[in-house]
Amino acid sequence: MTAAVAPSRAGGGARRIVRAPEFTLVCLALTGFVALSIATHGNLLQGGTLGAFFRFLAVPIVIGLSQMVVLAIGQMNLSVGVLTGFCAMAGAWLMIAQGWPAPVAVTASLLLGAVVGAVNGLLVVLTRINAFIVTLATMTIVDGLRYGVHGPDTFQGYSPGLVDLGRAAALGLPVIFLIAVVVAVAVGLFFARTVAGRHLLASGGNPFSARLSGVSNDRSIVLAHTISGLLAGVAAVLTLALSGSVNASVGDDLLLRSFAAPIIGGVALAGGVVAVFGTCLAAFLVRLVDVAQAQFNLGQSWVDLIVGAVVLGAVLVGAVRQKLTRSRK
Amino acid sequence: MNRLGRAGNAPPPSSDAQASGPAPDPAPPAGRVGRMPVWANPRIGLLAVLVVLIVLFTSLRPTFLDTRLTLVPLQSDVSVYLVVGLSQLAVLSLGHMNMAVPRIAAISAFAAGLLYDKTGAPLPLDLLAGLATGAALGALAGLVIARTGVNSFVVTLAMDFALVGLVSLLYSHFTQGVAFARQPAGMASLGADTMADYCTGDVCGPPIPLLVPFAVVALLVVGLVFRWSRIGREILMTGSNQKAAELSGIPVQARIIQAHALSGALAAFAGFLLAAENGAFSASVGGQFLLPSFLAPVLGGTLLAGGAVSVLGTLLGAGITQVIYKGLNLLQFQINQLQLYIGLVLLAALSLDRARHVLAERRGVRA
Amino acid sequence: VSVTGCSKKSDATASSTTMKPAQVKVALVPGGSHPYFQPWKTAGTRAKTDFGLGDVTFNENSGWDQTKQNNVLTSLAAQGYNTFGVFGVAPENINTTFGSLKRQRFHVASLGSCPAGSADDADFCLATDVQQAAYKAAQAAINAMGGKGNLVHLTGNKTDSNTQRRMAGVQQAVAETHGQVKLVETRTDIDTDLQTAQKAVADLIAAKGTQLSGIVNTAYNPAVASAAAVKHAHLPIKVVAIDDDPTVLADIRDGSVAATVVQNPVGQAYVGSYALMKLSTGCTMKQPGLTIDSGSFVVDKKNAGSYDTQRQATTKTLKSDFDAKYLNCRAK
Amino acid sequence: MKLSAQGLVKVFPGVRALDGATLEVRPGSVHALLGENGAGKSTLVKILTGVYRPDDGHISIDGADVAFTGPLDALRAGIGVVHQERNLVPAFTVAENIMLHRLPNRLGLVRRRRIRAEARRCLDLLDLDLDPDTPVGELSVAQAQLVEIAKALSVDSRLLLLDEPTASLTGDEADRLYAIVRTLTTTGHSVVLVSHKLEEVFAVADTVTVLRDGRSVAEARPLADYTRDTIVDLMVGRAHAALTLGTRRVAPDATPALELRGVSTDRGHRDISLAVAPGEILGLYGLVGAGRTELAKALLGLDRITSGEVRVKGAPARIRSVGEALRRYRVGYVPENRKEEGLFLEQTIARNVGVTVWRRLARLGLLRDRAERDLVAEYVDKLGIRAASPRQLAGRLSGGNQQKVSLAKWLAADCDILVIDEPTVGIDVRTKAAFHELIAGLAEEGMAILLISSDLPEVVTLADRIAVIGDFALRGELVNDHDYDRMSQAVIRLIHATPKAAA
């Protein structure tokens, strides 16, 4: 048609990769990893260290995805952290107090997560109250339930098989991390390839036009919250396998991280965007800092200070890079 | 940000929802122009919820109206959390978030404590030092956000992280651990006394904590800023549509920085009030501020999307949360039940407000 | 704050009214929910029957937030509770809370944790001497390590004055080895939740597991985490835990934990309630704001079955000490 | 398909948008739905497509009553629609947006190749050379509009509702659309066309319904019964005087109020020189995508000028922001994209208009509502903005009224130089005439106006000189003699000239 419309896509693959939003994160992650490997004289690459690195990366990834799914429709889920703790406690209780076999208890944990998530979604749809408030309310409720399972005491020794799985390795990587990767791929495929996933994203990107195309925004909301809950359930199961002991404090560290990973990974709070890979990378970055702390005997205060500074630095670099590519365009 | 949640909601409450006087109607369209009935005002719904809760708790526990043990501490808590909420509200007006509210409060309290510790400056000066620190930190966050265009959540979260570390480093460097040993004169009275403790002859003041007037000043200032000041309005316009604001000649970068500075100053103020209430400038000041900072304004009808704020709503939001908490505590629930009921009462209270809203919408349409 | 023409009402520090034991209603208020406080419940109930108290309640709703704890305290006061045993959330501020309760003529005991600094506005403080307990724990670890090697200290919130005291206790024990034992690291802020503790411990062991000979814990979640991690890593690291909840005791029995330092929550709640009752019925503290150590005990495999007897004896002594040494009671 | 809607009523808080409107569409016809801004056309379209539920009245299709509960019902009933507002998901590709309402799938998995193929087919119908994989967010307004049309065509519709489909299109593109419309009617499809461009309406429509204040005043009458003037009279409800604009006299040697000397920009403009004198209107014409909007934005400091010079009132100017342009140089800019750039949809009309003048109204940084209200009332009155009250949210206004608010803001700002981008897109004839009068009046009062427009009749009516931009370069400049035929030929010649050949 008109002469003007000839977007110069000639640059091709390489340029597109450089422009991809994940590029900065990949660079940062790689640099960080290599730098840390060198600085620890290769200690990071040794079996034990590397194993610990990836084992404790699993939950942050899954919980980040759990939040991301809800961010995709422009909402938030404040209950992800306590829900993870609740599902973990419930699973342990089923195994110890009820004597359920591990596979059944694990399935029950997952279902429990999904059900609580669905309740969140239904409450949002039925009451039309802001999801932030609804999930804040359910967060306090689930917090009470989590405590109710076993008071402040710790469950231990619920399932040797499950805990062995948590320590097992395959292909040189912890099984638990591989599970998280599989979950991430599944979430990625859901958003990229399924009708439900596309509809969900459309609802997030422009609810009104989604509605005009016959997409039910209400269904998208319930679906997103259900998946979010299910993923919290997955995180709970991973926690059970990973730690060998759980108590009512499990999940308390997850709320802020659940937001940090997707948002650093490039997900907009406004909805309509997902970044599975970015979320995983952001979780990876945060994990790098944990490890650096242990390796270099850094005080927690310094670590917090450094993490803050690094993230601020990263956003600055990202912004500058974006400005450069835009002006070159 | 909660676009879907908003889809069925009323027009966003804006601070001028109650603008007075009948407006001229230059081009009367077909049909009648309905005026919003008083009960359709979202603030009324919250007020009703608040009254219902108070009546409910009073009938269950008459001591809810005990002045000394219930009402006075309740007022102090509402004062502190009102200012905490206003601090978040200042950036919600832009559609931004300030995740650093807790630590800005902490570090500002540190600044105030340090000034007193080193120079013995009187309380008002210490307060000013705290406010200046908070405003400066807020402005810094605003500057980064405005210049890079990076999400405020990320920037302020990173800032919070950096400050967490800094707070504990500073306290361990400047104090014997975690708090200043000496507090400025008057701070203890400020936190603990009520006006009833001060008398002219036989006439004593009402049983209102001394913290309350401070919070009222903050409320008025923020109300003034967003309701009548040009800068406040331009901040709201920026929050409503940044692109259009820029194309309307609003210096959006400056407005972003100012809103964040206001947020920082209010966080510092909240930290100061909490330190007074609890009796010391310590590292733990502000540690629990994050969720309440969102709860009060969002409950009060401020959107996370920006462009509209409700200052009075924030007061009601803070009031409702504290009343729920106080009432349930009086009912002596154990911790797990307490959590459960807080959530349930919150949902029930909001659903009540929703019912009013749905009614208003229906009436509005059929008027 | 003074306004011209106004004058402040003077605080009438009139003597408290004397009550009968049946009028005394004790509220035991910990800083938040934690396994450590669970024995308070039963100890409180026992105190109620033993001393014929009006009521004893246990309320852990403070959620580790000083503002919330103050709220809980005034709510309980409004409900008619007139004496308080409080584990202050923030030791540096808690005197303010105590002061305001005292001004309303309630008797207050600081239980389980004392205010920071030298002053104590409560009637008395009955608590573990945390520095002493940490010192003992570190000593137990050093002994288990054979008097030399690298030691790590895992503990809680750095901006808490009790943590500062614990760090001092551990440092003291290490200093006494004259360089034989090196305190290679003190990790704070990992008691927030179990996962954080587990992750920190896993990273620590991955990074320097082979160089370590001992881990001393002065917080609960790190203790649970390090016991499990060391067990699975099959490293010869000696772990000293804290408290005696079933998980820790099980670890002691199977040897994955070398020792634990047990405190005396029962004594705190039971004797604390007793002393509060005495104060309400007309006794006074000879020395207001006195700090009393409720005792701490090193428990290892050998005395895992018997330590409680020792602890009960301590509790008894504590109670009689109140009568004999700390309280001033007019003869009835 | 035969569509019949009887006695439709739709009430919004404070407004009776439809008040017993009736619409009858014969099979195989192109039915024009006309009316002033705010007459209720878009509301009617939304009711027919299930977006709104009517408060009263009923709809039947081919004789059977229908009650849509949502847009999906309407889609299923074979009703395709292009709404007045763009309704695309910005993060999705062109192909997905087109196919969103019926994503081809196998077992719930999306079949991307099918989507792309079918989207391609719809784009080809419009002769659109767009990569189906481009995210819609990257498209220009016009391209997005074409995608909307492709999307409506992708519904196998028997009834197509087009609400202002050509508002942001060039003549060529509109012609192509209408060619398709005619082909559709030959196969029994019906089309309802809402447009303010009466020339187009007369060229394609067979029958007409005119809405006035939510009621139908001419119901399904053959269009041949009317002339342009009688239609306009029906819309307005009284005889209206045809507009005659006097030509302004500009002193030939006056210092230009705004001058561009050899400006090149980051966006790729090359060596553009223009000048507007006080009291003069310079029309900036070009095809969609020619780079006029970008030039305006660079001028206002939103894009970087890489070489050349901008002069305001004879002195070199470095404008870095709109605020600076407004305050220091008294230059205003009315953007073309009112929803995204011009308006604060969630704010009241008063705030929207007042925003540029707060600085002037404020005392000690504080504003009184009274001052703002008086000022706003003045402009609401002047531009005939139809609103329940100045406290109504701008987002609730009809499209045309939104455009008026967007302009009112800049009129209130009291500038010397105004850059106006596509001012009358989606504006009814009467208002358009009023707009033209207004713009001409502004120039008469001495304002220098740079009028960017893709509406050639508008440019010829208003401009004193016409600059033609093509592909980011100046193709030439013409002195307007207000003879439409001659001018349009000259302009078209310039557009198709190569940049070098142009003088």
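Should a chain be cited, it is by its letter among A, B, C and D, assigned in written order, with residues numbered from 1 in that chain.
The rule is short, and it goes like this: a contact is a pair of C-beta atoms (placed from the backbone, for glycine too) under 8 Å apart; a residue touches a chain by one contact, two chains touch by 3 or more.
Just so it is clear, the structure is predicted and the values come from calculations on it, not from any experiment.
J.: Using C-alpha centres only, name the chain that sits farthest from subunit D.
T.: Between subunit D and the rest, the longest centre separation is with C.
J.: With centres defined as the mean C-alpha position, give me the subunit A-subunit B separation in Å.
T.: 30
J.: In angstrom, rounded to a whole number, how far apart do the mean CA points of subunit C and subunit D lie?
T.: 72
J.: Cα centroid separation between subunit B and subunit D, in whole Å?
T.: Subunit B and subunit D have C-alpha centres separated by 42 Å.
J.: Determine the centre-to-centre distance between subunit B and subunit C, using the mean Cα coordinates as centres, and give it in whole Å.
T.: From the centre of subunit B to the centre of subunit C is 35 Å.
J.: Which subunit A residues reach two or more other chains?
T.: 147, 208, 299-301
J.: Spell out, as numbers or ranges, the residues of subunit D touching 2 or more other chains.
T.: none
J.: Which residues of subunit B are in contact with two or more other chains?
T.: Residues 168, 172, 335, 338.
J.: Per the touch rule above, enumerate the chain pairs that touch, sorted by label.
T.: Result of the pairwise touch check is A-B, A-C, A-D, B-C, B-D.
J.: Quick one: in the complex, what on subunit A touches subunit D?
T.: Within the complex, subunit A touches subunit D at residues 1-5, 7, 9, 192-196, 198-199, 201-202, 205-206, 208-215, 272-273, 327.
J.: Going by the contact rule set out above, which residues of subunit A touch subunit B in the complex?
T.: Touching subunit B from subunit A are residues 73-76, 78, 123-124, 127-134, 136-145, 147-148, 203-204, 207-208, 217, 220-221, 256, 259-260, 263-264, 268-271, 299-309, 311-312, 315-316, 318-320.
J.: Along subunit B, where are the residues that touch subunit D in the complex?
T.: 11-12, 14, 16, 19-21, 23-27, 29-34, 224, 228-231, 233-234, 236-237, 240-241, 243-251, 307-308, 364-367
J.: Which positions of subunit B touch subunit A when the two form their complex?
T.: 1-9, 99, 144, 147-151, 153-155, 157-166, 168-169, 172, 291, 294-295, 298-299, 304, 335-340, 342-344, 346-347, 350-351, 354
J.: Using the touch definition up top, name the residues of subunit D that touch subunit A in the complex.
T.: 49, 51, 70-72, 75, 81, 83, 87-92, 96, 100-103, 105, 108-110, 112, 127-131, 134, 138, 140, 143, 170, 173, 266, 287-291, 304, 470-472
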